[in-house]
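Two complexes, one shared chain (chain A), two partners (chain B, chain C).
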Partner chain A sequence: MTIQFNDETFRGDYTFRNSQWAIDRFPFPFHEDSYMYSVNMEQHQGGPKGSVYEKRFDVDEHYVSEMKDRAIVLAEDPLRCQSLPHMTLAGWDLLELIMVSKSEDYPDLFELHRDGNDWHWINKPMGIDQRFTFMDETTLPYGPMEYITRQTQGDFAVLDQRDDNLWMDAGMVTTQADWSLDFDIGMNFFEWHAPVPKAHEMGIFVRALKFLLNVQQGSPARRLNWTMTVNPLLDTSPENYHKWGVQKTTLTPENVGEKQFLRVELQTFFRLPRSNALVFPIRCYLIALEDVVTVPKWGRRLHRVLRDIPVELATYKGFIDNRPLIVDYLSKFDDGLPTSDGIWPEKDTEPPLQA
Partner chain B sequence: MSTFDFPPSITSRPTYGTLEPRAGKFHLMIADAEGAEAILRLAEADPSLMGKSHIMYIPGETGDRFTAKLEALAPKQLYVGPSYTAAVPRLRRILQDAHMGLQVYLTGTEGLMGQAMLEATTAGIPHTAIQTEHRGSVARRMQCVHCKGITENVITDPFKCSHCGLNLFVRDHYSRRLAAFQAVCIDAEDPGNVPPSVELYT
Partner chain C sequence: MSAGTTKLAVTVTEVTPVNELVTRFRFERTDGGLLPTFSGGAHTVVEMKDGDITRLNPYSLMSDPMDQSAYTISVRRDDEGRGGSLFMHQKVKPGDQMVISYPVNLFALDLRAKKHLMIAGGIGITPFLAQIKQLAATNGRFELHYACRNPALGSYVDELTAAHPNNVHVYFDDQKQAIDLENLLDGQPLGTHIYVCGPKGMIDWVCAKARDLGWPREAIHYEEFLAPQSGKPFEVKLAVSNKVITVGEHQSLLEAIEAAGVDAPYLCRGGACGQCETAVIGYDGKFLHHDHWLEDDEKASGKKIMPCVSRFEGKTLVLDR
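This part shows the complex of A and B:
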C-alpha cells in the first residue's frame, strides 16, 4: 500500500504524530494575516497533487487509528451516530458515493465490485471484505450510513432538504469541535448554528444556506474552518467536556508547542442522487504548534491571526484563557517580515525566520 | 399579569406569541398553571370556540385558582390532570384521532409547551402550525449534555443535574426533539469553582 498507516492514539497517552509528509500537506486555513468569518466556499474538484484537496475523500496516515478511535467513542456512546427514519435512503446514497469515490481514487486500498445490487467491498487498510445487497439493510452489520462512516475519516452530517432549508436529520459525529449531534439532530440550518456568535448578524448563514441549497450532483463544494485544541484529542465533544475541559489548563510556556494543536476542518458538500439530501463531511486535521512553525510563513501568520482575533471569536473557539500563552510562544516565530497571499507553505520562496 | 418579555436570543431558542382564535373543526388547548389565563382570554375573544374545544389543564402550583373559571367556559371537554406526565397517554389518544381542521393551542410554562409540541409534531402537525403563548414561571426543562438526563423546572443558573450531579449552566440552545434546553458543565476547566446560583432572568 502507498500510505504507511500510523499506529497512534488520540486519547490517554496521545501518541498521535504528523510525519513530514502530513505537515507539508496540512490544510493551513489562513490565506492572509487576519481572520474573520466568511462564506469561503469553492468547488471541490480536486486540487494540487498530494494535497488534502486532491481526492474526494482524503485518506492519510491517520486513517486506521482514527477509525479505531471512532469505534471507541461509539462503544461508549452510541448516540454519536443517529439517523432519523426518513434518512435511510440518504445513507445508501452516501455509502455509494464513498465506496465509488474511494475505490476510484485509491484503487490500491479499496475495491468495489458491483453486479446489479450484489456488491463486494474490500477495504484493505481495515481488513474488511464485505459482500452485501445494495439497498438491503439486513445484509450489512450496521445501517448504511453507520457502516461506511465507520470506515471513513471525518464526521458526517447528512442534511435533508425541504421547506427551503437544510435539516440535520442524520449524522456520525465523533471528532467534533464541541457540538452535540444528539442535541442538534432534527434542527434546521439556522437552529444548529444558533450558538455561533456574530455570524448571524453578518448574514453569513443566509448566504451559506443559499449556496448549499443549490449544490448540484457532481459539483461538490468545500471550505475550511478551524479551532484550537489542547492535546491531539479528536473527541472534543460536549458530552465528554467535563472530562477533557480540564486539559486546557495543562498548558505551560514549556509544553505549549507540543500540546497546543491547530484543528482544521475540511468541510465538503455533496448532493446525493436518490434522496436529494446533502452530505456534509467535516474532516478534522490536527497539527501541533511546534510543527506549524517549521513552515516560516505559517509561523508568522498564525501568530498574527491569533494575536489579533476578536475576543468573542477566541472565546467561542475556546482558547481565550490560553491565548496569551499561545501568542507569546508564536511571537518567537514572527520576525515581522511580510507573508505571501494564500494558504500554501511556499517553503522555497518565503524567507527563513530571521534571528 | 402572568406574562414575561423574553429578551432577544439565539435562533434555536423558541419564541412565543399570543393565542388567537383560528378557524377549525376542533380545538385542542393544553395549558398548565397560569396558562389558564391565556385560555380564558382566548374564550373571551371568541366564545364560539368552546363548543368545539378540548381543554387539557395541569394546574400545578396554582391549585384550584383557575379550574372553576375554566369549567365556567363550558368547553366540550375539560380535563384537569395532576401532572403533564400523567396527561400524556390521554394526549396521544386525542392526537391519534385528530383530523384535518384541528387547531392546537399551547400555553403556560416552556416545559409544558415544548413537550406537548413534541407530541403534536410526532403526530404529524408541523410545529409552525401550532400556536403558543408563554404564561407563568420562566423555569426550564434542561437536558444534561453529559448524562442526557432531563431536569425539570430549572429556575436557577447554574444548577445541579438531578441525575449525574454535575454542576451545569443554562444555555439558550434548544432542541424541539428533546423539548429541552442544553445544560453544560460549568466547572469542567476549574473543577469545584462553581459560581453562586442566580434565578433565571434576574
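This part shows the complex of A and C:
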C-alpha cells in the first residue's frame, strides 16, 4: 500500500498531524499576496503528480481517521445526511462515479467488479467487502449516497438542476465551514449563498451559477475556498457552534502557531449522468500555521493576505477577533522579499527566510 | 470555458430507414469501450465533415439511457434545410467513423413530478423515447400524447403502443384526430409536469394553454431546437481575434466563426441554451434574431446576438469575439 494512514483525532485530544508529504502537497489557496472573491474555476482534469488535484477524489493519510470522525458526527446527529425523495437516482450516480473513479485511480486500495447490476466493492483501507445490486437500495446498509460518502473524504452537496437554478436537495455534510445542510436543504443557489457578504453585489453568484448550470458530463470543474479554524476540527457546524466557537478564545501568542489552522476546501463539480444533477464535493484540508511557515513563500504570503483582507471578509470567515494575534505571529515569517506568482511552494527557487 | 463539450469517437454500426422521412443511426465507441450513461431528454452534437464544411447538428438521444453499448438517434430529412439532415441520410453509411459530443441535457425530467405528461409532435418524439425507457425502469408514472401526420409517417408508433398500451395515445392528422388539450390538462393529478417537444406552433399552443389554466411555470417544460436558417451572406468583424469573416448563404454565424479558427462557446446550436451569447460592439444594419434565448428588449437593444441561429443584414457588424 502506497499511503500510510494516520491514526488520529479531530476532537478531544486533537492528535491530527500532517506528515512532510502532506505539507508539501497542501493546496495553498493564494496565488498572489492579496485575496478577493473570484469565480476562479478551472477544469478538474488531473494535475501535477502527487498533488491533491491529480485524482478525481483525492485519498490521503487522513482518510481512515476522517471516516471515523464522520461516523461519530452521524451517530450524534443523523440530519447531517439527508436526501429528498427525488434524489435517490442522483445518489446512485454519485456511488457509481466514486466507485469507478477510486477503483481506477487507486487500484491498490479499492476494487470494483461489475457483472451487469451485480456489483462487488472492496475498500481495503476500511476493511469493507460489499456485494450489492446496483439501483436496488435494499441491498446496501444505507441509501446509495450515504453508503459511498461514509467512505469518501469531504462533504457532498448533491444539487438538483431545474428552472435554471440549482437546489440543495441532498447531501452529506459533517466537515463544514459553519453552514448547515439541515438549514439549507431544499434551498436554491441564491438562497443558500445569502449570508455571504460583498459577493452578491459583485455579481459573483450570477456568474458562478451560469457556469455551474453548464458544467457538462465528462468536463468536471474545480476551485479552492478557504477559512481559518482553531484546533484541527473537521466538524465546525452551526449545530455544534456551542462546542467549537468558544475554542477560538483559547488562542495565545504562545500557542497560535500550533492551534490556528488554515482550512482549505478543494471544491469540485461533476455533472451526474443518469439524474442530470450536479454533485459538489467539498474536500477539507487543514494545516497548522507553524507548518505553513516552513514553506518560506507561503509564510510571507499568508501574512500579507491576512493582514490586508477587508474587515467584512475576516468577520465572515470568523477570525476577526484573532486577526491581530495571527498577523503578529505570521509577521515573524515575512521578511518583505517578493513572492513568485502561483500557489506552488517553490521551495527550490524561493529564498529562505532572511533574518 | 472551451467550446462545446468533451468529444467521443464513434463508429456508425447501423443505418435503419424508419419511414419515408426518418432514418435511425446507431453509434458505438470506436475503441470498443462503453459510452457514458445519460438522462432522458439529453442530446448529442454530431459533427459532419461535408466536403469543406463541418456541420455540428444536435440530435436527441433516443436509446435507453442505461444502455452503454450504443447510442441511437433519429434524423428527419429536411429537403429545404441547409444540408445536415441530407448529409446524414445520403452520405453516412455503416462503418463510418464520426465524432459526437458527450450527452448534454437541456430537457431533463423533473424527478419530483408525481406524473410526467408528455406531448410530442412528429420527430419531437425522440427525447421522449429515452425518457420513457428511463421512467419505465424506475416505475415512473407517465402518459404520452403523440401527434403525427399519418400512420406511414408515425415513427415508433407501433413500438410505443405495443410496449405501453395504456400510457400511449396517438393522433393522426389525416384522420382528423387532435389532442383535446384543455380536457387533457384539466384531468391531471396535482404534481403533474408537462413536457412538450415538436413544431413551434405546438409548443406555443401547449405552453399558452397550460399557463391560461393556471399551471405553475416550473411544471411546464419544452424543447425546441431551431435549425439555423439560410440567408444573404454578410460580413462580420471579430474584434478580439482581429479577423474579418464572411458568413455564407447556407452557413450560420457560429459556423463561420469556427471556420475562421476562432474558439467560440456553444452547447445546443439551436438558439435555446444561451451558451453562445455574444456581445455586439458596433453595427450598422438590421439583426435577424431567430433564437428564443434573448428577451425582446435584449433583441431590440442591438447589444447581443446568438450566432448559432441569428443573422444580420447591413453594412457592418463588429462582435466581441
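Going forward, the second predicted complex is superposed on the first by the 355 of 355 C-alpha atoms of A that agree within 3 Å, B and C clash if a C-alpha of one lies under 4 Å from a C-alpha of the other, contacts with A are read in each partner's own complex, and residues count from 1 in each chain.
What we mean here is this: a residue touches a chain if its C-beta (ideal position, glycine included) is under 8 Å from a C-beta of that chain, and two chains touch if they have at least 3 such contacts.
Predicted model, so just to flag it, every value in this text is computed and none were measured.
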item	value
Contacts of A:Arg131 with chain B and chain C, given as first, second, both or neither	neither
Broader residue contact with chain A after superposition on the shared chain, chain B or chain C	B
Chain B versus chain C as contact partner of A:Tyr241, first or second or both or neither	first
Which of chain B and chain C A:His113 touches, first, second, both or neither	neither
Touched partner set for A:Asp160, first chain B, second chain C, both or neither	second
Which of chain B and chain C A:Gln217 touches, first, second, both or neither	second
Touching partner for A:Ala194 - first (chain B), second (chain C), both, neither	first
Partner chain in contact with A:Arg207 - chain B first, chain C second, else both or neither	neither
Which of chain B and chain C A:Leu89 touches, first, second, both or neither	second
Residues on chain A lying within both footprints (that of chain B and that of chain C)	none
Complex contact set, residues of chain C against chain A	1, 5-6, 36-39, 41-42, 65-66, 102-105, 108, 110-112, 134, 138, 217-218, 267, 273, 275
Contact set on chain A toward chain B in their complex	79, 180, 182-187, 190-195, 200, 238-246, 248-249, 321
Sites on chain B touched by chain A in the complex	10-13, 143, 145-146, 148, 166, 171-173, 175-178, 182, 184-185, 188-191
Contact footprint of chain C on chain A as seen in their complex	86-87, 89, 160-163, 211, 214, 216-219, 273-276
